[in-house]
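Presented sequentially are two complexes of subunit A, the first with subunit B as partner and the second with subunit C.
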Partner chain A sequence: MSILVNLDIMLAKRNMKSNELADIVGITTANLSILKTGKAKAIRFSTLEAICKALDCQPADILEYVED
Partner chain B sequence: MTKNRLLNIAVNICRIIKGLYIILFIVLTTVFIHFQIDKEFYVNNVENNKTSFNYKVNGFRVNKSTKWKMENAGEDEEVYSLKNIQITSLYIIYFQCVGVLVFLFLSINEFQKVMLSVKNFQTFRKENVASFRRIGKYLFVFFLLTGYISVRFQKGGFSWLDISFTPLVFVLLAFIMAEIFKEGLLLKEENDLTV
Partner chain C sequence: MAKNFIFKTLIDILFIFQGFGIFGAFVLAPFGIAKINQVNLADNKWPTHFWILLLLGIIAYIMFMIGIYHLRKVGRYLLSKRYFTVEIISNLKRSGVFLIFSGVLGLMGFIINWILRLEANYNAIYGTEIALPFFIGIVGLFFVIQSEALLFAKNFKEENDLTI
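Let's turn to the complex of A and B:
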């Protein structure tokens, strides 16, 4: 996958745990794990918006494009 | 509610048909064994009643009859008598019939599995794709088994090539259903992995 999800880095920067973020965003920890491990095939704008709001960051801080 | 009722009916029909196939298999095997023990019973009862077994054909059929020895002209009944049937021919017919029953049973069994999964809201899963593919394969074997029938007697015999399109249509439908379910499975996986 050429799109990397840097959620772990942002969580560490904000000193926040995965389950806390999942609670704030309103998704299950299983779904957040899918996102963190890069298994996700798509992300809804509403989820992305909620994550950015919770972590006070931009989408580019979470998602990164890397050429294969 | 309606969906569940329909599925329950479908599952129950599958169970009844499977039960009927088992009964048919037992009856067929019993007749097959009994025929070899007491041939006269069938010669006297079946032949004298002029019982015939036919089914509708939705394709084309090629019949071929041969008589190797014409000792008495016009005595077909003697040539094609059950008591004169060749033992190898009898075994082939028996295994053909058993094969037909087994493959129909397996097809119904797979269909029942699909129905149960739909009932449990697990419609699009790998097992259902595999089930439809298996149904297609089983029906193709059924088509092959019913395609050519040959009965050999001591002094003659007859055979027919029966290309029936109905099983082939079902084979095609089963493979199409497998592809549809495969597509559904991909969509489901994509949906499941959308956060």
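Let's turn to the complex of A and C:
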């Protein structure tokens, strides 16, 4: 898939663990793992908003377009 | 859930009764209790058309039973409420295809019988009602369409499940 999810990088920058983010955002760790591994087919604006709020970042910091 | 259970039960009853019927026909036919020959012609005097009609009827019946067998499998998965699974979709499609074959063969039998009636004034055998093969074919086609709709729904569900 040509959209990369750089959630790991942002989590490392903010020194936050996956389960902490999952708790703040209100999703399961399993779903967060799906998102981190790039298996997710789509992401809701509400989830993206919550992640950006929790990590204090912009959507572009999490999502990146890479040409195939 | 009750509807699924009733569906599975009805299909099972139909399948088992058909099995009894076939067994009974095999057991009783040699004794002449069940009259299979309804043409009032001795077997050795049957023209080729009659044999073709009989063969068509048997193949159509076998196809119908295979269709019902696959529908039983669908019923089994419906009971476990797994609606959007490959098993339901593939078995529903197979059931539909076999029912379509059965319907088409039944229609062919009707057409052959009709031609016989016109040409030779023969009124051959049983099971030459046109509405039944038509209906079986329509139901089969509906099952195939329904399986495609379920495949779409399965893909949508998967996509929805992977939307975070």
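One rule holds in what follows: the second predicted complex is superposed on the first by the 68 of 68 C-alpha atoms of A that agree within 3 Å, B and C clash if a C-alpha of one lies under 4 Å from a C-alpha of the other, contacts with A are read in each partner's own complex, and residues count from 1 in each chain.
To be clear about the criterion, a contact is a pair of C-beta atoms (placed from the backbone, for glycine too) under 8 Å apart; a residue touches a chain by one contact, two chains touch by 3 or more.
The model shown is predicted, which means the values in this text are computed figures rather than measured ones.
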item: Partner chain(s) touched by A:I27 [first = subunit B, second = subunit C, both, neither]; value: both
item: Touched partner set for A:T37, first subunit B, second subunit C, both or neither; value: neither
item: First, second, both or neither for A:S46, with subunit B first and subunit C second; value: neither
item: Contact residues common to both interfaces of subunit A (with subunit B and with subunit C); value: 27, 31-32, 34-35, 39-44, 47
item: Complex contacts: residues of subunit B adjacent to subunit A; value: 189-190, 193-195
item: For the subunit C and subunit A complex, residues of the former touching the latter; value: 158-159, 162-164
item: Subunit A to subunit B touching residues, read off their complex; value: 27, 31-32, 34-35, 39-44, 47
item: Residues of subunit A defined as touching subunit C within the complex; value: 27, 31-32, 34-35, 39-44, 47
